[in-house]
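You will see subunit A twice below: alongside subunit B first, and alongside subunit C after that.
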Partner chain A sequence: MTTKKLIIQTKFLNHLYKNHQALIDLNLEVFEGDIFGFLGHNGAGKTTTINILTTLMPPSSGTAMVAGFDTVTQSMQVRRNIGYLPENVTFYNNLTAWENLHYFARLSGVKNTEQRIAEVLDFLEFRGFENKKLGEFSKGMRQRIGIAQAIIHEPKILFLDEPTSGLDPLGIKNLREIIIRLNKEKHLTIFMNTHLLSEVAKTCTSIGVLNHGKLIYKDTLDNTLRRFPTEVSLEQIYVQMEENGRPTLNNNNQ
Partner chain B sequence: MNKTAVWIIAKKEYRDALKNVLFIVLLAFLLFLTAVSLSVAGFDFQSQVGQYHNALAQLQALSQTGAVLEKPQYFPLQMLRGTIEYLEIIGAIIGLILGYVSIAKEKGNNTLQLLLTRPVSRWSFIMGKILGNSLLLLSMLGLIIIFIVVAITGIGQVMFTHLELVKLLLAFGFSYIYLLFFYCLATVLALVFRNLPNALIFGFVIWLLIVLIIPQIGDTMDPDNQIPGGFFNHMHMTTAQQRGVIAQFKTYETLRNVLEESSIEKHYERLTFAVLGIKNIYNDKGLSLIFQDKWGDLTWIGSYSLAGILLVYVAFNNKHILEKSA
Partner chain C sequence: MADQLLTIITNELRALIRERTFILLLGTFFAMALFSSYIGCATRNTTLEIYHASVLSLQQAGVVHIPTNPFLALPPLSIFRNMTIYIFLIGALLAIVMGHQTLIRDRKSRVTQLIFSKSVDKPTFLLGKIMGLVTALTLIVLATFLISLVSAFSIPAQQLSAVAVGRLALFYLVSLLYLLIFALLGLGTAVIFDTESLALLVPIIIWVGVTFIVPELITGQNPVALLNPTNLASVAPSGDFFTLMHAVLSPIAIEQQYTQIAQSLLETQAPIPVSSIWMLFFYFALMVIIDCYAIAVYQITTDKLYE
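On to the complex of A and B.
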């Protein structure tokens, strides 16, 4: 039995907005090589968690370690190891796909930008579109550029915030395939915020469920499906957990 | 600070602005107004020369010399009064637009999150943005200088002295500092406001107050401005007598001065008018004498812009910056 390495770990993470406690003592563990689906209703605290893990904001209290580095005190090291695709990014419409990627690659410190852009576009099967302006792109094409900018500097972890939002069924399928290939071929750990259970079931290897800032469930997808034998679908498991606010279960994926 | 990242961001800011139609239109408008103001100043001087020659001809016809007439003297830098006044108003708007667009494009496209998750410090981002837009403002001012020099030396056939050229460059250096303040102001507002159009509206309200309303109130309250040509001048009062009169209205004068001092525009105008000799008492004076008198105004505009940069830094480091862009 091989022991997987922890790549994301939060301890008693709290975040307080003006009058709203977005996260309450969040203790989360994600292992290297996982595709982690972070589920929760709107306003559950998923984006706040990603914002903290990607160093965009410090937590009110508690700690978060990403790729072995503290998100507050070692934010630069964290940033070198992560790629991020926020929800609804439109990028710079007046620039071509290549110019957008070139800009983000250079800011990420990529040395041989031309070669790296070509590699990433090849991997995403997106050659031939690099000289088109992003203003002409569909949502699905933009998401590919979004993934491209997120992996251009060869990070260890990829954070995706509602990546399928606004995509048509074909776009969702294509994105799912890309995510799985990134995980399998590039060995990227993927942390994905979503509320689409169908996607979690088809893509993720482990899941966590956030309810009003509290992690109410965390386990592998296989274990989850085994644990709830009476339920017929993941959706019902999710609804039941949301309604009951079940306590966090220990993860058994090591 | 990551110098490479600063330069990458600066270059993008510069290129983006050159593709910004509003910026190009405002720049063209400013150049047009500069041309108009130079032409008006040129015609004004031509009319003074014409009047002088007419008067001289009349005196000579009466067999008298023209010794009693004061020859109109040509000071090319004095022709820039209109240009400076347009920079005060339109230039400030350009600064506001650049600052607003610089942040609004990142917030509007949600690219702010992408930028802030790169291994680049926030200070480097700020410096990149400020450097790019500073180069743009300096290019814009450079273009105006070239336009002025070509117009005055090429069309007017008048050469600038070295001192005049230095004064011209200094005045435009001060213009950059003045415009930088408005760039920073709009940047801060765009960062702080959740609703971007509100940030722009608020920016224009401040512009209106600083550039138009406060200086106008100060000017209107100035007793010397009550009649054309100056009240004291009209009354043939010496400087000592003027001071004596003003001393009788100490509270009133203090209030008026506080109002004027609170506006960066007034300090900019006082400084540039002195350096360019538009204010007659400074015309043809050496720089040391001018700065002896005007160091306070220079300190003020420098402080305003420095405070602007610091505020941009504070706003950019606000941990709630992304909540505000939601």
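On to the complex of A and C.
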């Protein structure tokens, strides 16, 4: 049995907005090579977690380590090791796909920009659209550019915030295939916030459930499906957990 | 860092030339610059014709002592005096739009989250944006200077000496500083306000205040008269109100400061008012400080922009 390396770890992570406690003592562990699905209702604290892990904001208390670096004191090292696609980013509509990618590649410190853009677009099977303005792109096409900019500097971890939001069924299927290929072929660890349980079942290897800022469940997808034998779908399992607010933590996913 | 700065500057220029509002304002500005010298020349010729007609009627009336033509004393650069108006009207508006767009573009597309998830920090980001504006405005002002030279040399009776070309270059340098103040104002409000329209409206209101209301309160001239550069040299009206207004508002009357510098360079050839130049530098520095503060307190993750 091989031992997986811990790549994301939070310890007693708390975040307080003015009058609202968004995260309460979040202790989360994600292992290298996982596709981690982070589930939770609206306002559960999923985006807050991702914002802290991507160094966009510091936590009120607690620590978060990403790729072996502290998100507060070593934020630049964290940023070099992650790719991020936030929800509803539209990019620069007046610029072409190539110009957008070139910009983000250079900001990420990529030297051989031309070559990397070509490689990434080849991987995403998106050649031929480089010189089109993003204003002409569909939501699905934009998401591909979003993924492209997130992986152009060859990060170790990819953070996706509601990546399937606004996509049609075909777009969702294509994105799912891309996520799985990134994990299998590029060995990327993927941390994904999502509402779509069907996608979690088809894509993720492990899941975590956040309820009002508390992590109420975490395990591998296989274990989850085994643990609830009477349930017929992941959706029902999730609803049951949400309703019960069950504080069942199981980090034994190795 | 240098590579990131260059990347941000290049992207700014690339994004700017794709924006219609910017192109429309720039086209108008260049067109006015092109016609500025012709308008100046035509105005001078008309004035001379009026003078000659007056001389003729005076002679017919038997007047012996005819006053010399006061307009002959005007330096050749005075044909560009209308450029002062185009700078503080169209140019300043253009600069506000440029500053506004440079940040609103990123906020609207929610690209700021992406940028700050890369290894870019806030100071580099802001410096890149400011340098992008400086580069773009320098290119615009340089192009306007060249347009002015070409148009001046295309007028047969109008030849500029090397000293005059130098003074014209200095005028455009001061104009660049003046425009940068408004560009940085547009940038700052684009960070501070949550509403896109308000972020543009506020600097425009400030621009209207600085260009029309403040000078009117100081000089007592109506807005139309304020646009006439020959009237600006006139003495401010006396009286307690205007004395008080002059004392209170002069420090913020940057349009007046700019006009005084422009007049000394283009029309009167008087020594350049150094205090006015310092005043422009002061406002430039103030805008940089405001922009730094705005970006420092800017919340990337909770940023919401309404139309």
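Please note the rule applied: the second predicted complex is superposed on the first by the 253 of 254 C-alpha atoms of A that agree within 3 Å, B and C clash if a C-alpha of one lies under 4 Å from a C-alpha of the other, contacts with A are read in each partner's own complex, and residues count from 1 in each chain.
As a convention for this text, contacts are C-beta pairs under 8 Å (C-beta built on N, C-alpha and C of every residue); 3 or more make two chains touch, one makes a residue touch a chain.
Since the structure is predicted, the reported quantities are computational estimates derived from the model, not experimental observations.
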On subunit A, do subunit B and subunit C fit together or clash when superposed? clash
Taking the superposition on A as described, I'd like to know which of subunit B and subunit C A:Gly40 touches: first, second, both or neither. neither
Would you sort A:Val89 into first (subunit B), second (subunit C), both or neither based on which partner it touches? both
One more residue to check, A:Thr55. First (subunit B), second (subunit C), both or neither? both
What is the contact status of A:Ser108 with respect to subunit B (first) and subunit C (second): first, second, both, or neither? both
Which partner does A:Arg79 contact after superposing on A: first (subunit B), second (subunit C), both, neither? both
Which partner does A:Gly171 contact after superposing on A: first (subunit B), second (subunit C), both, neither? neither
Going by the contact definition given at the top, which residues of subunit A touch subunit B in one complex and subunit C in the other? 51, 54-57, 76, 79-80, 82, 84, 86, 88-94, 103-104, 106-109, 149
Please name which positions on subunit B make contact with subunit A in the complex. 4-5, 8-9, 12, 16, 19, 105, 108-111, 113-121, 319-320, 322-323
Looking at the complex, which residues from subunit A come into contact with subunit B? 17, 51, 54-58, 76, 79-80, 82, 84, 86-94, 103-104, 106-109, 149
Which residues of subunit A touch subunit C in their complex? 47-48, 51, 54-57, 76, 79-80, 82, 84-86, 88-95, 99, 103-104, 106-109, 149, 153, 159
Quick check on the complex: what are the subunit C residues that touch subunit A? 3-4, 7-8, 11, 14-15, 18-19, 105, 108-111, 113-121, 299-301
